[in-house]
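Next come the structures, one after another.
Shared between the two complexes below is chain A, which has chain B as its partner in the first and chain C in the second.
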Partner chain A sequence: MSEEKINNIGYLGVDVGSVSTNLVILDIDNKVVASVYRRTQGQPIQAVQRGLEELKDKLEADINILGVGTTGSARYLTGVIVGADTVKNEITAHAVAASHVAPNVRTVLEIGGQDSKIILLNDGVVVDFAMNTVCAAGTGSFLDHQSARLGIPIDQFGGHALKAKEGAQIAGRCSVFAESDMVHKQQVGYALEEIIFGLCQALVRNYLNNLAKGKDILNPIVFQGGVAANSGMKRAFEEGLNMEIIIPDHFNVMGAIGSALLAKETMMLDDRPTNFKGFDASLIDYKTSSFGCNGCENSCEIIKIQVEDEVLAKWGGRCGKWEVDQIHAQHVYKV
Partner chain B sequence: MLVASPRMGHVDILLGDLLERLGIEYMVPPKSSERTLALGSKHAPEFSCLPLKINIGNFIEALENGADTLIMAGGRGPCRFGYYAEVEKRILNEAGYEFEMVVVEPPSMGISKFLGPIKEASGKSSRKIIKALKESFPKAQAYDMLEKYVLQNRCYEVIPGSTTKAYKQAMDVLSNIKSTSEVEGYLREAISVVDEVDKDPSRDVLKIGIIGEFFILLEPFANFDIEEWLGSRGVYLERSVYVTDWIGPAGENPVGGASPSEIAELAKPYLSHAVGGEGLQSVGHTIHYARDGFDGVVHMFPFTCMPETIAKSILPRVARDIHIPIIHFTIDEQTGKAGIATRMEAFLDLLMSKKRARAGN
Partner chain C sequence: MTQLGAEVVVSNPTSKKTVNTGTVFADNELCLPVKVFYGHLMDLKERVDAIFVPRIVSVVKKEYTCPKFLGLPDMSRALEDDMPEIIDTTINMQEGWRQYMKSVLELGSRFSSSRMKVMGAYKNGVTALRDYHHHMLSGKTPIELLEKKNFSAQKPRLKVGIAGHPYNIYDQYISMNLIKRLKGMGVDVVTAEMIPDSVIELENSRLPKKLFWTYEKEVVGTVYHWANNKSVDGIIYVLSFACGPDSLVQVLLEHELRKNNNVPMMPLVIDEHSAEAGLITRVEAFVDMIGRKKESLVC
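Take a look at the complex of A and B:
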């Protein structure tokens, strides 16, 4: 992954989602120096800590991190663990990364483990977006689930799908119905390739009919997120849209790349040292606990993160009185 | 007789004031909570909207605390709300609860349907009830005006949470109002309490209009405290719905800023007639906000809400024509705060970069 570089400074981006945890270090020219893609497995703190270790092992020389950004559904927790300089939502992070690899990008298709997004841009500015987390039928988990059922590892899905002639028609509106429809197609004798490609087509149909409904999908189109690894999905999108799809080199860590770019932007604007806690953050024993707040009738559950006796962060209340000021202050939007 | 009503924003304060003037003992049910919603969802039909579920939960918690009479608004038109009082009564009866139900219909359905139930519950004459309403209504409007002021000013606060704290004190100031002649003085005092909050007036803020279904907009539990969330992130807010605009005589000094007829006129190119609930207002207010130079619009409504679903299908065309970004949130008991926060953060980023691009830097 690494390239010969004279300078030894960089920016770290960390994207912790429900399914995968991704870390990236960018050098001063925004090139990827090292990246890690691993499963979160429901343990975001450990995933970040092991990810940091893995990332450090991949580095050929010591690197001086000038800024850190976090994103993904665990962005605030991760921000506390690594010491983030900027914490941003994954929609913005993905848009920033896509317009970095394709500066004139108009459409970003992103499909992750448990959510999918469509982001429309114009002149590098996000003009519209949609994100689906209500139903798993339009996400990577749908394919994951069916691959387990078919007994074909998910990383071999693409190869099979490309061999299909036109794909079997599979109802993709709901993953439960898709499954019974798939079983039916198997029983009437469809070839495996046709079924696998049919599943990709069902997912694409679902995506275009729900998430992308009423949105103008314009060229250039960038397809990213873990599901972009599946070449059957690229084919299904290209055939479904009748347009060309670009898959960036680092398609599966784009959120982390965007986050690192945002960290760089923040640090260029603010003249201050990074909050980065160093790669040794992987050795710290973080404890999380919760308690009920008795401040009012809402009786919120408050989450507390601490190292030994030092409380790093508290959050979870409706009123925000437990939240760490620094995270809050960062989020007053200023023009 | 101990009367209870559903909760919705500060409506309990307004109703409490009116019932006190009528000599009716009133109990405020506990604040809506996860338990309230769980109780409501258990008894309500799955595809009924969130307001019905929270109403039922409020009523159950009120009955548990000793209420014996429930008061509920009626209504008419395509929105299902009009028959919620009746539906709620039956659902609670079937669940084994015993109580009296007072249904107050809007005056537009006949003055006797409006005054009759109040007369029966209070034993007061029509003349006395109208007098109480005339005294209570300006006080209720003062609460709405204070709320509007808070929505416009929270974005400038220097210390997070300070406006919310001051808002609570300012509401206590308003509770002193006994007669109409005192409204102006106490409102000025309440506003000055909010003005004492340390502010940064130089902050260049985003301006957002909030539109949608009235219950979701007025009840912080249902909208995940969206106004406080946005305000504390430096967003100046206007809202299309206020309690007194909703219950008050149509068209007279609306707190929301534009009268129903102005709003209907603005909506006309896209929607020429009422579709129930606030469907028409949602379309009209979007245009109203765009003309006032707002940066964006947030649309919130309950899942399965027909009037707002109609508005939602029309709004993308409005957004394209008049160049105002709109984000939609459909809310039910399955909605999570994290999902809303992520989309809202991204929406603010979108508005911010548009604003920066416009400013040319």
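Take a look at the complex of A and C:
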């Protein structure tokens, strides 16, 4: 292969979560060639399609995509849209990405829009993990909500928190109570900085008491996910754990990076052409619809994705009878 | 009961309707299995003359079943004013075999006046139960036995032990098809029912204090066994939200596994709100984790 050709190949990773949609292209040396971080705004298909366009515009030269991976809560849907070679859960994707940026990483703290995770690794292998269960208190969307309520843009939230000498005591157990606590502290005259930092501390306390309960948190620690942008959260973690926290350069697209790495791994093992539909997948008019199945008393809701009259995928039933094809990580998607 | 001339109706498999109905009737504090049980009662209510809800106090001497099991007949009667008759035969091994056999005969006397016939039916029932246990010991799950299907994983690359109460892990709706899902991912599944009682007893003898909940004892013995002989690549512990004994046992198990530090265990808490997506993500991540560990695939 000529030098030029090697430079022009890469792997695409797409991470579609509840709040953000991230796309990354890695070159053959696993370096980030281009990345996109945008809000999902409840419309995953559009977010992926606009993200693909944006990514294409950022590329300086044409690139030959050899493999595509998807992850995040919309990973199956996105897999159909872009033509994924591997569809993997976000825990694995984040772990793979973290150990790529910090090969000896022992602890990954990840806080996203609606979920948070802790992943423990040893020699690059995941040994334990936990994910928040029924409650989303202490995740990105709550911080978003509070930034809107206080009228401070979310990207300035961390700066305010760093100015505080100490944080105000705020209950972090439940986001509803945290909010009423914050309102109360405002009314009695605490400085805004103290309240914002107090909120960061409360979220960190909640995280450590729930997810990290009983787990050995060892150095090096990587903090990633959208919330890692908040320097107040980094400070609160460092003070809470009394340990140093590493925030990787591409902290907010780590899921997509992991997904691209997984795509590379799959393609290396499988030796087959990619299913990638090309950047023009952004032009295809995908339609999704849902209907209730009356087959049994479970009345499952079935999701259908189609282009014109052709049904690409269906899922959602408990019994699996609607699945056009069993959707699996190794599954080959074809239009 | 069939042999004694009764027509036996079994409630339908758990569905969304079962859970929804049960939740409406249940006090919010109750655990998911009791809510599901209520749903099943309501499913039977209009179709039968009586519902058999034995009062299972103790099945092994000096041990008890779950505290809620003791009250099930009373809770069933109180569900609605027009409940059918509840047959609440007491099973209490604390009172010994004589009392147990008395309960069996008393139950049988409802259907037949002949003690011979009752004893015959009882013996056949016990034989059938033994056969069932025997099949499970050979590695079959109740789902496979009841559906008379074999859905073994094709060339399994991993082996996962599922710990938890049978009414959670074998209920395909409640467990969200966990067993079938794992087998579909190429994972071999083993459960407590495949381990002989003697092994479970032996593992439990290592506890400083004897557990007096029979069903929790099974979970503990199973997990200890897997952790000690390392016969599985990972353990998924299914527990129901708001189950008191489960929450205590979870901590006990985590302590033991941390000491051994070898077999990973993932607790999977289920309740009536559990969304399938969250379960799938966790199970997929867990299988990835143990798979990559086994193949020493550095991330």
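The rule is short, and it goes like this: the second predicted complex is superposed on the first by the 311 of 335 C-alpha atoms of A that agree within 3 Å, B and C clash if a C-alpha of one lies under 4 Å from a C-alpha of the other, contacts with A are read in each partner's own complex, and residues count from 1 in each chain.
Keep in mind that, in the parts below, a residue touches a chain if its C-beta (ideal position, glycine included) is under 8 Å from a C-beta of that chain, and two chains touch if they have at least 3 such contacts.
Quantities reported herein were computed from a predicted structural model and do not represent experimental measurements.
With both structures placed on the common chain, the touch criterion links A:131 to chain B and to chain C. By the touch criterion defined above, A:39 lies against neither chain B nor chain C after alignment on the C-alpha atoms of chain A. In the superposition on chain A, A:100 contacts chain C only, with no contact to chain B. Residues 73, 88-92, 123, 125-129, 131, 133-134, 214, 296-299, 318 of chain A touch chain B in one complex and chain C in the other. Against chain A, the residues of chain C that register as touching in their complex are 12, 15-18, 173, 176-177, 184, 241, 254, 258, 264, 269, 271, 273, 276-278, 280-282, 284-286, 288-289, 292-293, 296-299. Partner chain B is touched in their complex by these residues of chain A: 73, 88-92, 123, 125-129, 131, 133-134, 214, 296-299, 318-321, 325, 328-329, 331-335. Of all residues in chain A, only 73, 88-92, 95-96, 98-100, 121, 123-129, 131, 133-134, 214, 265, 296-300, 318, 326 touch chain C in the complex they form.
For chain B in complex with chain A, the touching residues are 30-31, 33, 160-161, 164, 203-206, 220, 225, 228, 232-235, 316, 325, 334, 338-339, 341-343, 345-346, 348-350, 352-357, 359.
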